[in-house]
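Look at the two complexes coming up: subunit A is in both, with subunit B in one and subunit C in the other.
Let's turn to the complex of A and B:
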């Protein structure tokens, strides 16, 4: 699995070739934002520019996903399983933070109950990420040891723009298979120093940083600490931070009926909402500070206890999209120094 | 100005006239100021006042307990007027620290609302910070975007809203940030009956926005917070401005102006004027 080079032109050819047979998803500029979208031509893709508004998770765990549909007639119910098309899929141009969020989701969707909807899509998909060309003011991925604007965590291939070409680092067999299947487009790797330089530059662009040392120990014991009320005070309880977070994975399953037909849909849900888990009967977190606390403790303690890693990749979306400038890095600082 | 503001806020807290003063502190992201809650005179030292103080802090007065002091720009005061008119708080329980304001910025650009501001000096206040600023008639047309949509054919208009609202992810940031969306249970959250299914699609999104627009008619004071909060950049201002325009034309009512006035949505007095229209 040796590194390769691919010229920019050949990458476009690769994308166009792939799009003929399989589903290709890539960041596409839509109005004033970038969104992962299915593309049919390399012309639609935007590899520069801001990170996508919605995270990569939506390609595996859509906001509203039909699980089954059904028809009722008198007392009979006919259930129709939702068929996946089974097509292979490729993501091109995902950011390393978004890719790093996938192994985090894999744990939850594959831990005791195996979520076939999610896992099947994961299995069928190859992730080709790109070293970030632009870094936002909100990015703080380098605060986590294994994540950076050029980290390979969760990716199958990593591209780095070195001018005329992309330097291609092969991470997994899945990534290698893409190269094998299109070997005429890839050349032997050269210019490794240029790649290293670009990656180092990208890492240096990340200015926001949070010290995580001591956080977990604090969260282990501070559930009742009055600090939660204080730091959460301005939180309004919307779902901008959780819906747009690449690692948040809560959902609610509801049946939606129209006359005699219906469907069972899985929808994103958020612990920030006052009616979260009300549907199965009970909302244990009746006040906003408890809901805010849940978000922080889930990401930096409960998940860590269970899977031995943090459920945040530092993508900064929650900072950028919060209407009251709730800044998770400042929240962490306050907790650590409390 | 900021020194005067801090001094007045400290006085209110040390004399125990209020339990908390809601103001702004420096934000951490871009040109942003962030809501700040001062319970002691020392907390007040965090306060700032500058072009970034765009948030409408009135959202917090219906959530706060006890007596509240609030830093409010003229437009924010309009929503406080609305909240008081709708009996959500008592006038005596809030000390309005009004600010003479000549405009705020969002991402470094003058906020849309400031182009049409008629309340550089707030309508009501208990304390005024800064020298009174006169409001001049704006030379720009406040309803320009509304007219652009109105001029479309019904088919084009339908398509415009379908496309625009299909981007909505129903995060409800627009609702949560709105000082007049104070309902304990919003119609979108009820499950028995469930008025709108949870699925995010054109139809459900459209229903949410249409019903919310109706609920805001004669109540929205145009602070623009919903549009600012929307992560998907949906131009919600157009919807609210359209409703404001309709209410102005049909009922001659402008919200947020007169604390004694009866909002159009509460005014069912058909007896006195049998030709009068009902809003709902």
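Let's turn to the complex of A and C:
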């Protein structure tokens, strides 16, 4: 699995070839934002844009996803299983932070009961990430040891723009299979120093950093600390942070019915909402600070305790998109120094 | 890969109106294979659904010793239960399960069992009670203390009568003050108070309790006062759930998913949780 080079032109050819047979997803500019979308031509793709508004999780765990459908007739019910189309898929141009979120999601969808919807899509998808050319002011991925603008965690191939070509690092067999299947487009790797230089530059562009040392130990004991009220005061409970988070995975299950046919769907949901835990006559989280606390502790303690992984990759979307400028890095700083 | 969200279809075979807003369904799986092979343990729960309306979570209220059917009891409180409540015998619903852990019945063998229930919280206890009564010789003394707000709020009335008459159970029933009528022969008083009056011995005993959160809280306080250890107190927690499979995140409390790691916990385990209950 030796490194390769692919010219920019040949990458376009690769994308166009792939899009003929399989589903190709890539960042696409839509209005003033970028979104991972299914593309039919390399012309649609935007590899140098800003971070996508929504994270990569959507390609594996849809915002609204059918679980079963059914027909009812008098007293009879017929369940129709929602089948996946089984098509191979490729993602081109995912950010390394988004790719790094996938092994985190794999834990929850794969532990104990196996979630076929998520795991099946994971299985048949190859992820080709790209070293970030531009980083956002809100990016703080390098605060996590294994993640950076050029990290390979969760990716099958990693592309780095070295001018005329992309330097291609092979991470997994899945990634290698893409090269094998299109070997005429790839050349022997050279210019490794240029690749290293571009990656180093990308890492250095990430200015925001949060010190995570001591955070877990604080969260182990600070559940009842008054600091939670203080740091969450601004929070509106709008849930933008959870919807746009690449590792948040909480969902709701609802039925939709039209005449005699219906479907059961799961929709992204959020611990930021009061109704999330509302039971008849009992609500364990009546105040917003309790919901805010749940989100932070879930990411940086409960998930760590259960799966030995932090459920944050530093993509910065929650900072970028919060309507009241809540900043998770500041929140962490306050907790650590409390 | 199997679709873990696909329910079995079950037919309502019998309906018992327990109170003005609480009902019990006897359900049989339509698929003969499922009907034959379905197995569960007392304390486990399921996701019951009305197709086109949605799913809701409650325990299996019948005993695993009674094969070929399951029962569930629920209160009409929300979107799904309100529709479920109005269904008739012969109607079909969805069921996913059994989910979660169960009461540690093997560890209870050879012990004195004390059941303390309140209102509809008797449902999970009922599964275990009949499980134990169907294997009566495996257990020593069985005490059941059950209470509700008023006479009208008592559930499983026929079974309460049966338990009262049995010589191998010490059965005490109570209603909250003001909930009695002039013919009431049971006790009048809140469950924790009656528990202290009955004062069962902590020796070689396990207490299994379920009811409204506020009742459980005071029952536990009484038990601690009476000298029971935290390990001797077992309860089953209610937390809003959707998937029942440890995925959807809703029932997460502390390091546990109530749907996977629970719903049955000892008081010792519950004390480790953050104070969210």
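Going forward, the second predicted complex is superposed on the first by the 331 of 338 C-alpha atoms of A that agree within 3 Å, B and C clash if a C-alpha of one lies under 4 Å from a C-alpha of the other, contacts with A are read in each partner's own complex, and residues count from 1 in each chain.
As a working rule, a residue touches a chain if its C-beta (ideal position, glycine included) is under 8 Å from a C-beta of that chain, and two chains touch if they have at least 3 such contacts.
The shown structure was predicted, so the numbers you read here are calculated from the model rather than taken from an experiment.
Novice: Kindly classify A:75 by the partners it touches after superposition: subunit B alone (first), subunit C alone (second), both, or neither?
Specialist: Touch partner of A:75: subunit C, not subunit B.
Novice: Output check: A:307 vs subunit B and subunit C. Expected answer is one of first, second, both, neither. What do you get?
Specialist: After superposition on chain A, A:307 lies in contact with neither partner.
Novice: If you stack the two complexes on chain A, which partner ends up touching A:252: first (subunit B), second (subunit C), both, or neither?
Specialist: It touches subunit B and subunit C both.
Novice: Where does A:289 make contact in the superposed view: on subunit B (first), on subunit C (second), on both, or on neither?
Specialist: neither
Novice: Which of the two partners, first being subunit B and second being subunit C, lies in contact with A:278: first, second, both, or neither?
Specialist: So A:278 meets both subunit B and subunit C here.
Novice: Between subunit B and subunit C, which makes contact with more of the residues in subunit A?
Specialist: C
Novice: After lining up the shared chain so the two structures overlap, which partner does A:240 touch, if you call subunit B first and subunit C second: first, second, both or neither?
Specialist: first
Novice: By the touch definition above, which subunit A residues appear in both interfaces, subunit B in one complex and subunit C in the other?
Specialist: Touching subunit B in the first complex and subunit C in the second, residues 252, 254, 256, 278-279 of subunit A appear in both lists.
Novice: Once bound in the complex, which stretches of subunit A touch subunit B?
Specialist: Listed in rising order, the residues are 31-33, 53-54, 63-64, 137-138, 233-234, 236-240, 243-244, 252, 254, 256, 265, 267-268, 270, 273-275, 278-279, 319-321, 323-325, 327, 329-330.
Novice: In their complex, what parts of subunit B are in touch with subunit A?
Specialist: Residue positions touching the partner: 27-30, 32-37, 55, 59-60, 169-173, 175-177, 189, 191, 197-201, 225, 228-229, 231-233.
Novice: Residues of subunit C touching subunit A in their complex?
Specialist: 1-7, 9, 49-55, 75, 77-78, 90-92, 94, 212-213, 238-240, 242-243, 245-250, 252-255, 260, 274-277
Novice: State the interface residues of subunit A toward subunit C in the complex, per the touch definition above.
Specialist: 67-68, 70, 72, 75-77, 79, 81-82, 108-109, 111-117, 119-120, 223-224, 249-257, 262, 264, 266, 269, 271, 276-282, 284-285, 290, 294, 297-298, 302, 305-306
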